[in-house]
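Worksheet: one structure, shown below.
Naming follows writing order (A, B, C and D), and every chain is counted from residue 1.
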């Protein structure tokens, strides 16, 4: 029942809403004679699809003491049974596509559920752990700079597999040459930024970021607290000293913090185009261990020492690209057009995938997006820099800064 | 787990906090060798006693997913067992007094729990009923005016029975003559005020009340909604047409609304001194049916037609008295001095008792208090008027207005 | 044009509004054939009289760049001329009464104007002084305790002179015996409270006061700032070290602070009834030097060492009485009934008069009132204590505390 | 002195701040022996340059009653004299560049001053006009669609003339084919959107836009009010019926409204790249009458019927591009790096120039930017559409929609 921040929803609601998605977009449209579980659920568990119905205000999701968990589980069973029935009867390709969309929708909520549980437990004054066990990576090699020549490049989804509408159309872009760091910034590196006055030097921040730092009194990422002079991190397995997590990618930073870190380091964040082009060139496939939750890990890990291979499955990586429609993008007609299209303002794109992203939900064209001030999601950063001749190429001598070659 | 408005708390919290009260003020002080159930509970379930410990912010009470309900029930058992042990060993009069205070404290929370459950269920978009059954009074006689001569009068607690500190010391006051209505204002009478433009005529309102009406867009008491042109009330047994509740005392009105109604009616609210003096003179004892929840009723009833006898057990009655210390009042030393004393500003006194006030919690000297804008409690009103010779005595001819003689 | 806090209004507005008052309540009603200066001014300069017209929101008073100051001065002249014309023609006693009311209304705004100018200048980052010169009292004798026996007492306005409606009717009250300090609390005494942890000890505060201290981050009265370890006060003549003002009555404290100080001192604030009864018994007349602004002073002065004689003309004194109607009080019909009556909730009464209260505006029955959190007005406090036999009479031995006998 | 919305500043402040800019960035750095007018002015009139000094909070700009207008004019004279002295002595190219920057800075404030005055006068309950006279265009031809083939294109500033840092570096982009409307959307066209339910159909809006519509209760552009059933617009020359402005470009719309209009029309907004490329191709020079304020006009005019020639000097045109740094962009070191760079988040780019943009401030590479909810600036929109073969080329038959061919 807990909803501990405006971004979050109660666990019961996630379950009911993902069920609602199948009922609304599959069963009501494709299963002849389908009897809804409860007519009120159509609007009660609608999140933001204005074309379907009005919705309860998000802030009262924590008031859903009724229907109780038993009723929600019965709702789920009712919908699962009806989907099975549809499957038995044989379904149209359109219906099958909707089921696939529903599964991807549910995967997103599985990830959000992890964020929300973590935040809810942390908000609880006792700070209980979600689970025991797991280990953090003990060391990280210095990042290397990988050079890319740029030029005419295609990005966006193409081919057979599933993708959201916002990954299309695939289109041509012109890229300047650039370099990308081989791994994400670690907690130890981020601590150096903090100790270098990161949160007290306005020149490192976007104006709105600096206002946020002051208004929210940020002095560290979310879940970091200094206790008796020692930085401690709240993780899914409870409170852990920062010293045990030095080599772990920093996460729970906002775009503002990611951007300030990059400026402090004398670098910048990559654009989403750079990120996708680099991954397409160097990372042939999503690795088997991308989803750490499945593998029993509960926190982002440091990358093994291979070329750009840890782009998936530790932390979402903030890019410096605003979330906008690709050239030629049109949101689909009807309610499903609201899935992605109507959020294309005041959001920044993240790429990659986190420790709690389901493995089959990860792909190189995937465009995640959050408000630049959001921190409860598993978001970190990777550095980039320009390498065009005018601004000076990536010669070793220029690589001093905060990242060793 | 639901906390649907800032005034409310989750049910689990009420249970834990009333347990905490016994642990903190009885067991820790009077049971030698007492082992606390959990050291964190000392601050975790503290409401507002700064002298005991810091407290979690009230707004995160809804985040207490842990400790779970099982742990809270075990806490209760632990404390109950220890109280039984103290009783077996024999206890000092001071300890017995503290237990009595703890019982009265718990009675207050029983009542608040009813308010909170009602509000939580109403906030739920499905508006589920708390229970079935019960009936509302079908008719109400016109109120009569009862005259009181005033003069030197004593009010406040005296004698043996239990009372809170704020009911003392008993002291002398000088009263002008006045008249008090024999019963509370009903829903039908309040509807006449609404239909007479009550919520749109600023001259009827205190300035701050009028600001509140506009800011909150009030146009009726809490829980009233007009559906398809018909006024409906949300009650503990679900949504009921106003027409079935004509004779029931209006409740869930703020002080501002009670005051505006009285001004519209050409009368005024009584002072708490008038109220107590009138009850002391005319109502010998709390009636057996004062607590309607115990008697299976779930909503305020209309008064039987007897002299002032329905002053207890339907709705708390707003008075025009600000909640302040009596002459000579001093808050007790230590944490228990925070029980009542520190709220003596910006609150108005209510007298009587509501349908969900435990019967043994009702007495004529009891001083309840709420902020003038609060409406989630069961609060209504009774009219009064001046009868001094200068301002015209209560002659029949002056009784036109909204109340028939 | 400056309006530096929600309580304040621009100087030009004060001038226009006091002019409006005469136009609306005197000229429009009593001067046959009166031609309003500008029909828009009727609503434009209305403050809060709903019965006259709607009003612009208070917060846009700072947007009144038009009409300009010349137009407002012309408005004043227009109204002055018309009043003179009414006077020449001869006027009814009712019209004369309205003029008297308008003068008192303007006196109130003269005082408010001083508060607003002070606040506006202080809000200005340069903190300019309002004027030069003046001296502060250099020393204050210890306060003495004056005993009063209580019993049946009459308070409220009676007789011929002008008084507001809220000072009536004169009525009988019954008072317990009490003692009142001979002078107001000084800055040096208040500093002792601060140094004794006054702003960090919750047990000294009303609950709402403590919330305000934390929300507003109060650690001293308004206009006090610690610069390089030294307390400095912003006054009408600029920034002055506290050390020069030791003997001056503390002012710009809220009710919450006054109440906390009294609790810290082991005393309490007087009720307004006690205050008025004491002054009626011991202070025969308002002294000639009550208004310090007229006498060239710009700040509250310490009291000369005479019995209760400095009750007027330094700071308004918070009482522990909520601002409510006296027994039998009825607001007058029509717009002028809004003058005082509609503010009778969530305000506390202050008695006396400040350094910027016009002398002819000061009287012993006067009831000033402000919200308990307000601090921009010149408000301080005087201590009182109970002296009934039960609670121990004012024997010398009990007089330790913070006030020496 | 008026500051009628958070975006605005008082006129006196604009004058002082533009003076401050010359003093800070020219005189203090390049005029040997320069004596500042007042040392406090360095921080007092700083807007947002953290590298120079702290700044007063923006919201207290309306409290700058001191220094008075005479002091500010003297400040201006002092700085003008010193600039003349620097000029006489001969200055370095760096100093001359700074003066040029200061002039462009002042031009921006000249435009903002017009916005602020308009808003201040409108906020005034009397809605006074800024000036008399002027005429609105009486008719507008239907817009034509101009086709562009896209491909590799260069945008950004190059060459000799002045430009801000954010217009560089000039760089190559790859453009899909597109079409651009020959003129901006008019008030009459926008009214059709409103009458077609524009403000009540969520499917037309970005999610954050729809939230803003509801929170702000928008039902028309800023300055539009329906009086007695007739739409009226507040303009610099007072309140004018919409019917007189049918052919005038709509302005004072937010990005959200511009975007919703385009969606309703079945089109989209152009990107800033498309806009700049189109203008570079078709508009050889800024026309002589670009600045309508100079030419005695006070409001955007309808476009004469020429190809894309009215891209300058009526309204700024919202693009669908977020305001971000160009590839290779680095903010300059020091305080002047704060001029543009730190605002690169949560802002949308506008192109063109408005009726109150100084003519020499207009150029095709200019990147203006505002928050997507801002409306007090003179912002309108021009439609675009895709013309790639996949999405259907701009055949006449597809041009129905809301824009006639």
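Convention: contacts are C-beta pairs under 8 Å (C-beta built on N, C-alpha and C of every residue); 3 or more make two chains touch, one makes a residue touch a chain.
All of these numbers come straight from a predicted model, not from anything done at the bench.
The angle of the rotation superposing chain A on chain D, based on CA atoms and rounded to the nearest 5, is 180 degrees. Of all chains, B has its CA centroid at the greatest distance from the CA centroid of chain D. Centroids built from CA atoms put chain D at 35 Å from chain A. In this assembly, the C-alpha centroid of chain B lies 58 Å from the C-alpha centroid of chain D. Averaged C-alpha coordinates put the centre of chain C at 49 Å from the centre of chain D. For chain A, the set of residues that touch two or more other chains is empty. On the chain C side of its complex with chain D, the touching residues are 1-4, 40, 43-44, 56, 60, 62-67, 120-121, 123-126, 128.
For chain B in complex with chain C, the touching residues are 48, 50-51, 152, 169, 171-174, 176, 202-203, 205-210, 255-256, 259, 271, 320-322, 324-325, 327-328, 330, 337-338, 342-346, 348, 372, 386, 388, 390-391.
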